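What follows is a pair of complexes built around chain A, which joins chain B in one and chain C in the other.
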Partner chain A sequence: MTKNHIGALPASALIFCCRIFYLLTYSPRGPEYGGSASMTAFLAAGLVSIGLCAVFWGLLRRCGASGLPELFHRQGRVFAAFCELAVLLVLTGSALSTVMNASGFLTSAVYPGAGAQITAAAAMLVCAYGAYSGIEAVSRMALPVAAVFVAGLAVAAAGIAREIQPAYFTFAGAEAVPQVLELFFQALYHNTEVLLFLLLTDKVRGAGTAVYARGVLGSMTFYQLSILLVTVTLGPFAYVRSYPIYSMLAAAELSVVTRLDIINLLVWILVAFVRGAAYLYCMVGCVRRLAPGLRRSHAAAGVGLGMTALAWYLCGSLDRGLELWELWSGAAPFLLSAAIILLSVLAALAAGKKVKSCENG
Partner chain B sequence: MLFDKLKREKRHTYEVPKRDPGLDQPLSPTLEDTLARLAQLTGQTADLQVNRLEVEGYKLAFVMFEGLVNYQTLILGTASDLHRLLAGQKIPSCLVPDRLCQELFMAGDKKKLRSFEELIQFIASGFAVLLIDGSPEGVALGVQGFSFRSIGEPASENNLRGSREGFAEPIRINMSMIRRRMKTPSLRMKLLKVGEKSRTDVCLIYRSDYADPEMVRRVEQRLREVRLDNLMDSGYLRPFLESGPFSLFSGTGVTERPDTLCAKVSEGRIAILVDGSPYAILLPCLFSENFQSMDDYAERPYYAVFIRLIKYLAFFLTILLPGCYVAAVNFHPELIPDQLLFRIAEAEQDMAFPLMFQALLIHFIYELMREAGLRLPRPVGHAVSIIGALVIGDAAVTAGLISTPMVMVVALTTISSFVIPSLYEPVTLLRLLFILLGGTLGLYGVVLGLAFVGVNLCSVTVLGVPATSPETPLSLYSLRDTLIRVGWRQLGQEQFIISRTAGADQNGEPADQNGEGQP
Partner chain C sequence: MRKWLILMAAGALSVLLTGCMGAVPIDQRMLVQAVGIDWQEGQYQVTLQIFSPARKEGESAGQEVCSAAGEDLAECMRGIRLETGQELFLGNCRLVILSEPAASERTAEVVDYLLSDHELRPGTPLYLTEGEAAELLESPELPAEQLSEMMRSAAEAGLCPDSTLLTVVRSLESLGSTAALGRIEAGEAGGVQASGAVLLGPVGTAELTPEQWRGVSYFSGDSRQLEYTLDYKGGKLYTNIAPVQSRLTGGENPGELAFYLSVECTIQEYSGGTLNWDSAEVASVRAVAEQAVRRELEQGFAALRTAGADVICALETMEKFQPDFCRGRTPEAIFGSLVLRPEVQVNITALGAGAQASA
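Let's turn to the complex of A and B:
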């Protein structure tokens, strides 16, 4: 048992912030059937994600492991190195896509014409500092960030209340099923938080599916509320906007403040920081397990500088950035994560049976 | 080559702190030998007084440092008692110290000593040491009479209500002030010596019924591991007690008030007094305590809540207002109401410098004036305020160096910083950081800076207690005395224990903080 103990609530807040990230740059594609398609898809994806976590966690417990890294290292150094490298690949892609998504949103909606490289590099450096500070600090910070998000949404709702038109919300019929399925898989693939959670379970006090589920259910609740709010205020106008939530906040008014898009900026950068820092922290862990003699500070510096350089390179060209985005929006990271987990579980179970058969003679 | 040069300079200019040699030597039974050795060790220093006398056939010598002893008590009390005690049946010289310790009652404190280290320690602390020819032991008599600053109002922690007593420099005086306020037998005071040469008295204060024993043990261990030549102030010890040297915020607190110290110790904290310093260290310290004061607990709850909210607002104002102003005007003018925007534009159009530079310039001038005001002699000090009003308030604006809205922003920022004096140092640096970030990256930079500061604060942990508790990790019940303050009828029913707050881990510091722990 390590000395690190993240409380259950900060851990749930961490999962909440990681999942809420994509909501803030949520961008509808195609006809939305009054927002209900998205709401249905995200709800289903969240529940499936909880189910998957329960299955994987159960398998881990069956192997007698408190976390994924422990499972990797049971099967020898070669197997462990292979798994750690695969995990490192997934984490690298997730961290990069977080920061580059951030940069893309900022340089298209908030600061048109600003340099994408500098925005991405600055964000990556701050995330690297967060990773260096440790997962306890990041998870402690996730709680107030989640509170700021909730408060921001409440203020936004107050500011845009005068524009609410309930008639904009319609329930989708059977014709929405293909789109619901498309959105469902999109939402499912977007989240590699199951892998993140299983990498951190040995540090979470009282870890279990309940911790993960609380984070997911919380994020799903606010997904539903946010999409509902966008739908009933912007209506069909939402479908033509690249970032409808940002547009909704820009149209909101409260007293002398004639626009509230600053809330989107504030909340989203903090959420991106928490997500990026969590992924970078896990990357530092992978690197240290691959090179056990490496000091934590050196590993964090190496990961931070390496990722900053990578982000700088990828943001240097729109094509390079889009290539990564297209790859990471698809099934690749999710399927790779699931494959790593299942492979290590199966290997552990097979090794367990072999030992038993040897004992039985 | 550069490293070699640095190493040579270090060896040449610096000395590793080490104990004075020869102090472990025991006292000689021969008085003259002891006195000769003492003169040799002290280099025949001018302030060492040796008064030889013969009483009832015993050769004695009083040894003391000039100015540290109360001569009246020594002569009228102790010296006169010697004749009474040593008259009559002659006892061996080696038994004289025991007899004096048992029967000499004019001196408040009597201790036997056997080595030169103890001898010098006692006479430097204001004791008069009596040496007897024929005995390898001396007797230290507590007849201190050195001058010290009287107990007065604390200079850095002003309150409208509550006690006006602040700590003084002598540690014993401070210990007595605490004992007088907490008459419980569970109050413990443990004395240590820190500083290889200064051998400064340091007192650990805690309550045995509330303080976690493991926490006390770790603090004591850290103090014993301190390697300093001289310990002149409690501030020297703080870095040795904190976990992260690069954190902007501290997990230890400082107080000049005995009532504050007693209140904190009653919550299971550990206090450290240092001889020669009127500031006591408290640990662990939560970040939210910077927004609390003794006045909060003397006022009615609704007013205390109002004042605390003002303090939190002041904190965010002082670190964020200049940076957000620079960012909003430069990069996000659409966020500013139209009428105000036109006024700002009108004011800025004739300025010689960009907004970020104006903000940095005016803060630099203000810090210069503040530092000058602290160091100037009092008769000249009022000139600083005149210069400030003229230079900043009038001349700089008229000359087009800074704009009027910027003067307003800086004035509000500066006033806000004085609302929370315990956070003045980090707030000053953060303000400059946010101005730079706001001026270069706009509100994006400001929010990134907030993220950086937030995680830096969340990483502060002292003795296993996170500084951001009870806000995060969240403890709903403990919030009754952070943002708000419930009434004494509720507060007084249970006592908050710091070692049991949310997130506290008494197995040790989180491994992340040590740098070498688990990934």
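Let's turn to the complex of A and C:
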């Protein structure tokens, strides 16, 4: 039996931080995609992802497994290698999109003209070190990060309250259904946290859907609040900004702390670190399961350096980064994750026997 | 040994990645206090009032002015940088003044340029002037800080809007495509005159009187306390009125805009003698105050409707509450046909020390 390393609350905080990552670069493309349309879509996508997690977790438990990696090995080494490689692909894309998204924001909005390559490479190295430190350290860091986010949003709301114009918020009617559906599927496809959670369940004390659901419900709540705040304060100005949440915080001022966009920056860096480190940790686990003789430190170094080189290459030109983003913002990661999970469950049920779970270390 | 290696690596990263390499010493930065933008004969003129720690003869203590002309704003800023050899820092800018031609004819370009600078706060005050912005900023008696404070006081007194880059851009992007800006003009006695104006696009601007602007300001939900002088029983009743709650919705009938406003009123002085402050008197004063506020609301709204300037989100409100009325009509037609139904509730909360009661 693998030792449980993470408490339920830090695990939920980890999921929370991973989920709010994309909120910080939320951008409604136009009035028909903003406000209540976004809120409805993200709420629905969050609830569906909880449902999916419940179904997948139920299937895992039916197979008698405490985590997804355990299922991979029930049909033999070849099948296990195939699954691990597929998981590695999803995790690689998610980790890269995390770091490159963070780097893109920093070098576009905050420090225009700063080197995107060095920013992405440095961020990836730091995330790799976080992964090497272990998932317990990363998940314990997620708790204060979540608290800073919540406190920061409260302070920002106080600072921007005088700009609130309720007239800018309208309820999406029937004519907004195509946009809501589009946003719903985009939000659902961005969700690789179900896979992340199922990879880490054997490390979580009292793991179950409730842990995932708490993280998702918490992130959804703040998605709703943040989008509402951006809608009623910036109004149509939000549609012409690349990072409207950042713009809102730049406009929020309190006499003591003046501009509050520093909060966005601080939270963003911390959240990107937590998310990147979590995905890299799972990547190290995949590599070690593919090559059982590899030491943890060597696997971590290999993954860290490899991903840093990849980030450096992709950030060398905007075209390469955009190609990855366009691929990763589609259905590919989500469908691949779902396919891996279902395939391994079916294979495990077909195998019909329990095997010793592998040590993840 | 391993610990020392890690510490050295951490130290090296801290030194190399802190971003100090591109730092500009403060004495090589121009701390811009105010920006003035004029548009004349197909050219921009940008005037910057900058903080100067060293006094120079003939200039305001602590201020310097520099300007440059060019075909676009970036060229003007570049010209100033080349002339002075210093980097501009707009993070401390207290206000931006646009001349009327720059604001009305080059709105998109000016606003886009101001927004593109990430140092310039979205909350930076943005004002209009009928004359030249350069003239205002070059005046040694009007440093940026004083200009900014004067306009803020005028806005708090309800004489002009508290316009910032954010409020102007947000308003321009709204359905009304207009914006309200504070107008600042140099006064004869060396001070400034503040009023409100609405930007109408290439056709220019329309001015609102302070009374009209005060009526309009109620729609913004601003909770500033305003001084009101009411004619009452042959005397003057000096009051403070503070909006508490406001709500703009669609009215019961098509084309009606309903506005509910609740204010708190404190009576300071009555110059017509003494009053018996019983419930009947208070009710009578309340009725007079309600009438005065309603009149200003209606005058302000009428002024906006005459100018065709929706700066109060009336169009968004009608789209939300009366979409059938808006369907098939242009924004101009909708706004021009709106009828305002104000409902004003005055709550007299206190009598000031000067409100004498009869025995």
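The rule we apply is simple: the second predicted complex is superposed on the first by the 346 of 361 C-alpha atoms of A that agree within 3 Å, B and C clash if a C-alpha of one lies under 4 Å from a C-alpha of the other, contacts with A are read in each partner's own complex, and residues count from 1 in each chain.
Assume a contact is a pair of C-beta atoms (placed from the backbone, for glycine too) under 8 Å apart; a residue touches a chain by one contact, two chains touch by 3 or more.
Not measured: the values here are computed from a predicted model.
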Once the structures are superposed on A, label A:122 by its partner contacts, choosing first (chain B), second (chain C), both or neither.
-> both
Check the residue A:143 against both partner chains and state whether it touches chain B (first), chain C (second), both, or neither.
-> first
If you stack the two complexes on chain A, which partner ends up touching A:321: first (chain B), second (chain C), both, or neither?
-> neither
Thinking of the overlay built on chain A, is A:165 touched by chain B (first), by chain C (second), by both, or by neither?
-> second
Go through the superposed model and pick first if A:333 touches only chain B, second if only chain C, both, or neither.
-> neither
Give one of first, second, both or neither to describe whether A:244 is in contact with chain B, with chain C, with both, or with none.
-> neither
Using the superposition described at the top, determine whether chain B or chain C touches more residues of chain A.
-> B
Is A:285 touching the first partner chain B, the second partner chain C, both, or neither of them?
-> first
Just chain B (first), just chain C (second), both, or neither: which does A:106 touch?
-> first
Chain A residues contacting chain B in one complex and chain C in the other 110-111, 118, 122, 259
Using the touch definition up top, name the residues of chain A that touch chain C in the complex.
-> 109-112, 114, 118, 122, 163-165, 167-168, 170-171, 234-237, 239-240, 247, 250-251, 253, 259
Chain C - residues contacting chain A, complex = 13, 17, 19, 118, 121-123, 166-167, 169-170, 173-174, 221, 248, 313, 316-317, 319-320
Chain B touches which residues of chain A in the complex?
-> 2-5, 7, 9-10, 106, 110-111, 118-119, 122-123, 126, 129-130, 133-138, 140-141, 143-144, 203, 256-259, 262, 265-266, 269-270, 273, 277, 284-286, 288-289, 295-297, 299
How about chain B: which of its residues touch chain A in the complex?
-> 331-332, 334-335, 337, 441-445, 447-448, 450-452, 454-456, 458-459, 461, 466, 468, 471-474, 502-503, 505, 507-513, 515-519
